[in-house]
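What follows is chain A paired twice: with chain B in the first complex and chain C in the second.
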Partner chain A sequence: MLYLELALQGLVNGSMYAVVAVGLTLIYGLLRILHVAHAGLFTLGAYTTVLLTNALGSLALGTAVSMLVVGLCGMVIYRLLYEPLLEQPPYVALIASIGLFISMEEGYRILFGPYGNSFSSAWLTARISLGPFNMAAADFAMLLGAVVLLVFLAALMSRTRLGMAWRATVTDAAMARSFGVDTIKVRYGIFFMASAFAAAAGSLVAVLNNLVEPTMGSVPSYKSLAIIVLGGLGNVGGTLLAALLLGVIEAFGTIYTGAYLDRDAIAFVFLIAVLMFRPEGLFTAK
Partner chain B sequence: MIMSAYELSLIAIVSINVMLALSLNIITGLCGQVSLGHAAFFGAGAYTCGVLAGLGVPMYATMAAAAVVAGLLGFLVGLASLRVREDFLAITTMGVGFVFVGFVRKQNWLGAEMGLSNIPDHGLGETGFVVLCIALVVLMSLLTIYVKHSWLGFGFTAVADDEDTTRTLGLDVASYKLTAFVLGTLLAGVAGTLYAYFTRFLVPGAFGFGISISILAMVIVGGVGSVWGVIIAAVTLTLLPEFIRVVNDYKIFIYGLLLLLTMRFLPGGLADLARRRHLLFGYKRSG
Partner chain C sequence: MRYSVQLAGGCLAAMVLSTPILAQDAVKIGFHGPFTGFAAADGKSARQGAELAVQQANAAGGIAGKKIELVAYDDEGKPENAIPVANRLIGQDKVVVTVSGSYSGPTRAAAAVFQRASMPYISAYAIHPDITRAGDFVFRTGMMGEVQGRAGAKLIADHLKKKRVAIVAVNNDFGQALTAGFKEAAPKFGLQIVAERTFSMPDRQFGPLVTQVKADDPEVIYAPGYFFNAGPLVAQLRAAGVTADIVGQEGYDSQRFVEIAGKASEGTIITTSLDRDSKSPTTRAFIDNYEKLYKERVDMVAASGYSAMTVAIEALKKAGSQDGKVIRDTIRKTAFETAIGNLSFNSLGEVKKAVQVQKITDGKFHHYTVIDDLELLAPPEK
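This part shows the complex of A and B:
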């Protein structure tokens, strides 16, 4: 029973990682940029959702508006920060992104205070019994939310012309352009979608903990980098599997090796071990 | 005493950061291997020194031991750099940083979360210690300049520019990378020794991801590979929070913003600024 509960807890965490990391890996595939500030947008999404929900009284409306606003912010970041740096060595954009992330975290602390905000009415505090499982409704919402978002993304990528253009651009931008794809539009589209997903993940975490804090993006900021590398940078399917796998490994690792290593270290020992045997990640991008 | 204790301690901190930046500059600047986990080697040196000094080992021996331990760890990570490249290497080194901190956090003999606190006095006096710091900074600067202009340095540049071509030309890329990692991490270990004697109290958090980032920021803001640029950037970025203390609540916000703006408008770092001025004046003179 313990194993099942651990696995389930791992999947809940992993599904959150997946929703954050899937956008990050698309952006990497597109521009070869490690977009650390993505985690800043995750926090922005969480704050926007909490503040809007408290003002409007509807969680669904709050989350939708938050995804829209944060998606637009992602496009602005691409336009003002990354586009002028595309010709530079990759670490330039990396440091710029880290600088942006630091100021974002500090900005939230200055604007909203260091102690965090909560929903004024508690959402999803119930517990659900599903056969042998007894899980918090918020955990369930996280899993469900992640599944809905990822299925939506999979459908978009595989069934629509837009998704086809996105995949073509991520695989080979020059070739896509010669086939008439407007690759600049694709970049804006991917930044919008990736950032909206980050906002959705932030909102789900806000519901899960009923708390948003200025530093809530710290863990996703580096954990999602580990995940996209494990998944084979730029590989969407690999990233999803890596996210779920890492969530489960952390859940079990914390119980069995918690005396020697902390949670982050377990994740990274796994990452390093994998990279030594498969230097291009678990699932190599084709 | 010419300077106050505050000023002396500021010089010590600046010196330690300059050493860290110079040591990472060998790996990232000269040899082109981006490391997001340099604080782990700094920490390995500091903890080695802390444990040995606590047992009564004198300073020159703790410093040598710290350099060896950090260098050995650097050798291992250097081996990893032969397997993974570029962004994969950056994330691997980031992982090394987290594993180091996560490991130390759980070790009672290293003080775990509570920190290692029985580090004795270095016995040099405040001024003597600062003189030692400055002397080591000068030595490391000279060493870096020497390496940069030696055959070793040319090999590093070749690896940084284009690894595959370098290999085609018959140069042993692996040994250049390993040398860069060992040399750079060894020097970080020395900086760790000074840090251990300076604070006499080590906590895992002092060697975390944020510190690795700020060391890398010094190298990149300075202009990768440029010794002078890196030194100036290390001094500036260390003192910056002290200068903007008047706006204490905003100092990290401003730090992040400056990092962002420097990269956005001066992607080549401070060294590039000097180069551009040179070009500008040259143009004016000829015109």
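This part shows the complex of A and C:
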């Protein structure tokens, strides 16, 4: 029973990683850019949701507006930061992205203060019983939110023109263009969606912790990088599996290896091991 | 471009011209803390506390007619930044005494530099035992982690009358020092430690840990950590249906803890330095002035920054000299009345004072008890 509950908690964390990392892997697949500032948008989403929810009194409305606003911010970042750098070697965009991420963190601190923000009406202690499981409502919301978003993403990728265009662009951008795919539009579309997802993940974490801080993106930033490498860069399915797997491994690691190995180090031990034996990633076909 | 060069030149000229005029009859006190980065919340509180002390001292006439000038630098909470900051305060700014409003890492690093320069250095709330071991110029107004850990053990055994304890601690020097003190004292009080678990500083989601603590089924959870860990931790423990008493320490001591954990924070008991219900006029005046000036609830870090700065200023006044050795000797033999109680220092530069215990009732920290067993709380002499 303890193991089952631990696994369930692992899935809650893993689903948060999945929602963040899936956007990152989409962007990597498209542009070969490691979008570190993605985690800055995660934080922005959390702040926007908390501030709007406190002002408007509705979490659903706050989250929706936050996803929209952050999605647009993602498009702006693409246009102003990455597009001018696409001709440069990939590390140039990476450095720019890290720089933007640090500025975003300090920007939030200057704008919103260092103490962090919280929802004024807390529903943290609400609980839900699911058969034998008794979990916090916020955990349940996280799981459910992730499932809804990822199902939506799967449908989008397999059934819509944007999804097809994304897959075509990833496979061969020049060929896609010659078949009339507007690759620029695809990029904007992907940046919007990935950023809106990051905002949703940030909002869910805000509900779970009732705490939004300037540096809350730092852990997701490096962990989601580890996850997309594990999943095979640009591989959406692999990224999802890697995220959930990491969540579960961390959950058990917290309890059984916590005395020797920090929970946040597990991702990297895992990463090093995988890179030694399967350098192409865990879920990439050979 | 040309405009900005001119502007920069103008600023430079203005600085060169204005500095000597200001510096002529000001006494400079150094200060460093994490104003940016992961610990920026505590950096801000500590600085506000220190600035309030300087402001009040200046309004009351300064030191022998000279104004006090606070020279504050950001160390980002990083030891490698603290050393250049210390060198700048000593060599460039020529301060006469320095207060650390930072964590243990930066404070330990800087302590050695100040010791070598024979400059008095007062750590406001960093807890690592090695800080004062840097030498005889280093003092600490905050409690050592070990000392506070021992107080936590006494609190659980003698005041809460409980036995079975699970320790859930942040895995840095803060959590380790508190845990060490707690475990050292636990057998003396007949406490049984049923489990010892850790989490890391950036952790906010404690799902697996909470599940495990629930299975450990303790009577009391002793959980060293900061308010930004403890807020989510306490809320998540209560959300999972854990009803054991939760005992925290000075890291919880911020109104933000209550805002984050909401109703779940009710009944949490902490050991700390600041008594919100204190009858001492010094403490009352500090709380009122701080909350009026900054429109924020006071916290332990602000009170510690204020108190460490008070010690620095009072020592300067009493010493009547800006010589490091004279100031050091003055700090050593004086008893200071501060917002966190009456402070005096032992031969190592460690503070001797009682531990305040506060309990959260109706969303506010209130007096619960005081632990003043001086034998139990005696800091090391070397």
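Quick note on the criterion: the second predicted complex is superposed on the first by the 281 of 286 C-alpha atoms of A that agree within 3 Å, B and C clash if a C-alpha of one lies under 4 Å from a C-alpha of the other, contacts with A are read in each partner's own complex, and residues count from 1 in each chain.
Note that in this section contacts are C-beta pairs under 8 Å (C-beta built on N, C-alpha and C of every residue); 3 or more make two chains touch, one makes a residue touch a chain.
The shown structure was predicted, so the numbers you read here are calculated from the model rather than taken from an experiment.
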Touching A:106, do we find chain B (first), chain C (second), both, or neither?
-> both
Between chain B (first) and chain C (second), which does A:254 come into contact with in this model arrangement: first, second, both, or neither?
-> second
Partner chain(s) touched by A:116 [first = chain B, second = chain C, both, neither] | second
Which of chain B and chain C A:151 touches, first, second, both or neither = neither
Name the contact category of A:262: first (chain B only), second (chain C only), both, or neither.
-> both
Touched partner set for A:213, first chain B, second chain C, both or neither | second
Now for A:56: first (chain B), second (chain C), both, or neither, which partner does it touch?
-> neither
What residues on chain A does chain C touch that chain B touches too?
-> 106, 259, 262-264
For the chain A and chain C complex, residues of the former touching the latter = 2, 5-6, 9-10, 12-13, 16, 106, 109, 113-116, 118, 122, 124-127, 134-139, 205, 208-211, 213-216, 218-219, 250-252, 254-255, 258-259, 262-264
Residues of chain C touching chain A in the complex = 36-38, 40-41, 43-44, 171, 196-200, 202-205, 207-212, 215, 228, 231-232, 235-236, 238-241, 254, 256, 259-264
Chain A residues touching chain B in their complex are 28, 32, 34, 81, 84-85, 88-96, 98-107, 110, 222, 225-226, 229, 233, 259-269, 271-272, 275-276, 279-281
Contacts from chain B onto chain A in the complex sit at residues 28, 34, 80, 83-88, 90-92, 94-96, 98-99, 101-103, 105-106, 209, 213, 216-217, 220-221, 224, 249-250, 252-253, 255-264, 267
